[in-house]
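What follows is a pair of complexes built around chain A, which joins chain B in one and chain C in the other.
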Partner chain A sequence: MHTTKTGWGLLAPALLWIVAFFTVPMALMVAVSLWSREKGKIVQTWDLGNYANFLEKSYFMQGLVNSLEITALVTIISVLLAYPLAWIIAEQVPARFRRLALILAILPFWTSYVVRSYSWLLVLGKGGIVNQTLLSIGLIAEPLEIASTRAATVIGFVHFFTMLLTLTIYANLVQLPPNYRRAAADLGASGLQTFRHVILPLTLPGIMVGAFLTFVLCIGDYITPQILGGNNELTLPQIIMLQIGRRADFPMASAIALILMSVVTVAYIACARWLRLERV
Partner chain B sequence: MRALSWLYLAAAYGFIFLPVIVLVTFSFQDGRLPVPPFKGVTLRWYAEIFADDRLMSALLNSLVVALGSSLVAVTLGFLAAFALARYVLPGSAWMRGLIAAPLTVSYLVIGLGLLMLFNQIGLPRSLWTVGIGHVVINLPLCFAIIYASMGAQQDAAERAARDLGASTSQVLILVTAPMLAPSIFAAFFLSVTFSWDEFIIAFLLARFEVTLPVEIWNMLRSGLNPKTNAIGSVVFLISIALVIALEFTVFRRRK
Partner chain C sequence: MFRALLTSASVLAFATAAHATEELNALIWCDHADPGLLEPFETANNAKVNVREYEGTGSALALLEQSRPGDWDVFVIDGIDVPRAIDLDLLAELPRDALPMDDIFPEVRMEELNGRDGKIYAVTEKFGYNTIAYNSSKVDPEDMKDASIVFSDKYAGRIAVYDYYLPVMGMVQMAKGGQTATMTETDVSAMQEDLFKLKDNATGVFGVVAAQTALATGEADIVVGGGEWLTAVLSEEQPELDWVIPDAGAVRWSQSIGVFKDSTKQDLALKFVQYILSPEGQARLATSSCYWAMPANAQAGNELTDAQKAALRWDEQAGYLANTQLYPAPDEDLDIAMQDAWAEMLQR
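Now for the complex of A and B:
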C-alpha cells in the first residue's frame, strides 16, 4: 500500500479550505449569535438574548411561519405536478423522444436564477400577460394583484422545483424493471392498484430525495421571495438580509441563520430513512 | 388515458416555458415596457446591453470567477477524492463528511459566515473573496462526483503504473485523471454553471466589481425594462448552447 503521508498531503488542501472557509465561519457565527448590538456597536455579551428576542417578537416568528408555510406548499404542489410529468415522459412518450422530452422539461432550469424570477414578474405583474389576457376575455374587470404576494412567490418556486423534481422522479421511474408491472398485471391488479402498491412505493425514495432538496433550497432562498413576494410577507432569508443590510446587526442575523439551519436539520432527521442517496 | 397524457404534457410544457417565452419575446419589444401589447421588433436593447460597460465587465467578472473557482474546486476535489479512495487514512469517514458538509447549508448562511470572517480578519471584499466562497460551495460537489466514479478499474491501472515505476504525481496526471476525464469534466462544468449563476454569496462578498447576477439585480431596481430581458435572453442562450454541447460530447460518449 502507498504511504499514508502522501495520502494526507493530497487530502490536506481540500480539508484546509473547508476548515478555514466553512468550519471557522460557522464557529464564528455561533459565537457572534451570542453577542449583541447595542447603540450601534457590537458587544460581546455572551448570552442567548438574540434567541430570546426571536421567540418573543412576532416579527421574527411570523417570518419563520411564512417560510415554513411557503416551503411546505411549494414542496407539495411541485411533487404533485412533477410526478405525472415524469411518469408521462418515462412511460407514454416513445423511447426515441424520451431524452428530448426530458431535456425540454428542464431546459428553463438553465436561465439565470435572478432572471427567472424577473420573468415571472413580467408574467404576473399588473400589466403582465396573465392580467392582460384575463382582462381582454372579460373574466376580470380590474387587474389582479398577483405580483408582490405569496401566490407569486409560490408560483415562481413551483416552476423551478417542478423541473428539479421531474428530473429526480424520472431517474427513479426509468430504473424500475418492467417485469414488476407485468407481474402485478398477471396477478390481476388494475392499473391503479399497480400504481398504488408497486410503482409508488418503489419511487418513494426518489420523491423523498427530491422533496428534501426542494425543502432545503426553498427555505434558504432569498431571491424568489424578494423579487416576487415583495416586502409584504417576509421570509427568514429576507429578514436575515434586512438585519445585515439595514441595521448591520450581525449578532441577530447569525442567530436567525442558525435557527434556519436547525430547521433544515430537523427536516433532514425527519426524512433521513428515505434519504440514503445511493438507493436512488 | 393517452389523450389525457398529451394534454397534461402540453400544459406542463406551457407552464415551464411561459416565463422564458415572455422573457425572450419582449426582449425585442419596440417600446419602453416589456409587457403586452407587443409593439414590434427591434434589436435596440441588445445593442444597448453590448454597449453597456458595467454589464459587459460584470459578464467578464462572472466568467473569470466561474472558471477560476471551478478550476480550484475541481483540483482540490480530485486530489481529496484520490486520497480518500486510494489510501487507508484514519477517520476517513469523518473527512468525507467534513468535505461534504457545506452541501447541507444554504448559500445565504455560508455567505454570511464568510462575510463576518472577512470582516474580522480585515480582508477587503472583492472578486477574490467571491471566488473563495464559490470554491466552498463547489468543492463538495466536485469531490462527490469524482469520488463516486473512482472504481476498481482505475485502481488496477494505477497499480500497474506504479509497478512500472511511476511516481504518485505521474500516476495522477497520466493515469487517473485521463481515465476519470468524463466525471472530472462533468464536475468542472457543473461547478462553472453554479458559480456563473450564483447570486447571494457574490452579492454579500463583492464590493466594487460585481458579477453578472448582482449587476442584473441592480438593474431590477429600476423596474421592468426590456434591457433586462435582453441580457437575460443572452445568458439563457449561452447556457443552452453549453448544455447542448455537453449533451453531444461528454454524455453521448459515456453511453
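Now for the complex of A and C:
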C-alpha cells in the first residue's frame, strides 16, 4: 500500500504536466472545433458543421492533398540525401574531424528559420545565384521559375530536414559494432548484401525516427510554404491561418488543426513498429 | 564607508525615480513601430510606448480576447473594421474638440465608420491605395492605366498579386464597373473566372514584404494591389518603381487610431493619439520605415520635404480621392464568400 502511494506520488508531477499541458488543451480544442462562428460571434452549441464544411469545400481537401504530397516528397528526398551523408560522417571522416563535420551539418539550424526562407527566395529567384549560374554557363536561355513554386518549398524544407535526419541516422550508425560487418563478410556477403541485410535493418529505427520528425514538422509548417511557395497552392497550415487572419474563425481553424493532427496520428501508427527511440 | 554606501544608494534611488516612466501598450500596424515616430512622444511625455504588431483584425481580436481588460491602451485598426471594434465595445469615445478633426482630409474622415450616434471612437490617421504598382523600365506605363491589362496575356508571368482578398477583389469589382460598397455574393461568383485568370498570369500571391521584394528584385514587374505603400519607401534607390490609379479607378485603404475603453491610462493614450494626429506625428507616420502612405491630416504637408511629398504624390491626391472607392467592408456571409473565392483562386 505504502509502495503504491509512493509510486503515485512520484508519478503525480508527470501526470499533472500531461493533464495541464496536453489533455486539457486538447479537450478544449475538440470543444472549440464543435462550436461555430456566426454573425461575428462564437456560438457555443456543439455540432459537426465545421467538419462537414471541410468535406464540402474542395480547397480544404486540396490543402490536405498538397500537405501530404509536399511532406512525402520532402521526407523521401531528405532520407535519400541524409543517409549517405550520415554514413560518410560515421565511416569515412577520420574520428578527429567528426565533431567538426557534425557542427557543419547542423550549421543551418543556427540561423533564423524566417531569414533562411527569405534567403532561399533570393537564391532561387530570377536574378538569384542558381539562375545566374545556369545562364552564365549557357545551360538555359531564360531564367527558370523556381522561386514561388512547390519546388522552392521542397528545397527549403529539404535543406533543413536533411540535417535533422543526418543526426538521427548518424547516431544509429555509430552504435553498430564493426564485428557485424566483418561477420557478414566472413559469411560471404557482398558489400551491397551486407548493407541490405545487416546495416539497413539495424539503422531503420534511426531513419524512421528522423522521417517521422520530418513528417510531423513539415506537415505542420506555415513559414516555408508561405514564403517560398508564393501562395501558388495552399497547405493546411496556410488554410488554418486564412481562417484566423481576418475573420478569427477559431472553431473552423480548430477543426482543421484536429484533422491535421489525425493525419499525424495515422502516420505515427504506421511507423510505430520502428519508432523505438531508445535505439537511436 | 557606511555613509558613502548610503549616499550612493540614495543617489541611485533618486536616479531610478527620476527615470521612472509611464508605459503605454499599443496594438499596432508595423509603421507605428518605427523608433523615429515614437521617440518624440516618449521624450516629451517621459513615457515608454510598448508596441505589439499584428496582421489582420482577426488576429488582433484574438489577442484581445486572451488579454485582461486594461492590458492595452491604444488600438490601430483597419478603417473598415472600426465598426467591429465599436460593436464589441472595445473603444472609448474620443473628445472631438481635443482632436484636429477639421484638418483631416474630408474624404477620409469617414465618421460613419469611425463613429456612431454622433460620437467618435477612432480617427483616420493614414490612407493610401491598393492599385497597380509597376516597374516603369519593364512595362509600358500607358498600359497600366487600363485595369483589365492584368487579365490579358500581355504581362503573363510578370505579375504579383498582393495577398489580401478585400482590396484585390475590390479592384476586380471596379475593373468590371461595379461599386465596392454594394458588392454582393453574386458579384463574387461572377468574378471567380477573372480571379482565376489573374492567378494564371501571376508568379505568386505575396504579403507586404514578399511583394516589395518581388518588385524590387525583378521577380515581378507589376503588383496588383500595390501602391505608394510598396514603392515610396524605395523611391530613392529605385525611382523606376512607380504606381498608377487606372482609369477605372482603384481601391482606397485607411487605418484608424483609437483608445481602448478599458485602458487605465486614458489621458496618456489620448495624448498619444493627439501626437500621432499632429502635423509632426503625421509626417513621421507617413514616412515610417515600414511603409509610406498619405497622412490623414492635411497640415502634415508643412512638415514633409518636397521629395517626400513627391514620393507620396501629395499634389495629385484630389484626383486620386475622386477616382477611388473604400475597399469592401463585407458582412459575415459576404466575407465567407469572398474568402472561399480567394482560397479557390490560390489553390488553382
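Note that the second predicted complex is superposed on the first by the 255 of 280 C-alpha atoms of A that agree within 3 Å, B and C clash if a C-alpha of one lies under 4 Å from a C-alpha of the other, contacts with A are read in each partner's own complex, and residues count from 1 in each chain.
Just so it is clear, contacts are C-beta pairs under 8 Å (C-beta built on N, C-alpha and C of every residue); 3 or more make two chains touch, one makes a residue touch a chain.
Because the structure is a prediction, the values reported are computed rather than measured.
Here chain B and chain C are compared by how many residues of chain A each touches, and B touches more.
Shared-chain residue A:145: touches chain C; no touch with chain B. By the touch criterion defined above, A:121 reaches both chain B and chain C. After overlaying the two complexes on the shared chain, residue contacts for A:250 are found with chain B and with chain C alike. In the superposed model, A:233 lies in contact with chain C only, and not with chain B.
After overlaying the two complexes on the shared chain, residue contacts for A:85 are found with chain B alone; chain C is out of touch.
Chain A uses residues 118, 121-122, 125, 127, 227, 244, 250 to touch chain B in one structure and chain C in the other. Chain contact summary for the complex, chain C toward chain A: residues 55-59, 61-62, 84, 87, 157, 163, 166, 203-207, 209-210, 213, 217-219, 332, 335-336, 339-340, 343-344, 346-347. Note for the complex: chain A touches chain B at residues 1-2, 4, 6-11, 13-15, 17-19, 21-26, 28-29, 32, 81, 84-85, 88-89, 92-93, 101, 103-105, 107-108, 110-116, 118-123, 125, 127-129, 132, 159, 162-163, 216-217, 219-223, 227, 237, 240-241, 244, 250, 253-254, 257, 260-261, 264-265, 268.
For chain B in complex with chain A, the touching residues are 2, 5-6, 8-9, 12-13, 15-20, 22-23, 26, 33-37, 76-77, 79-80, 82-84, 86-89, 95, 98-99, 101-102, 104-110, 112-117, 120, 132-133, 135-136, 139-140, 143, 162, 168, 193, 197-200, 204, 212-213, 216-217, 220, 224, 228-229, 231-232, 235-236, 239-240, 242-243, 247. For chain A in complex with chain C, the residues that touch the partner chain are 38-40, 57-59, 62-63, 66, 118, 121-122, 125-127, 145, 147-148, 226-227, 229-234, 239, 242, 244-250.
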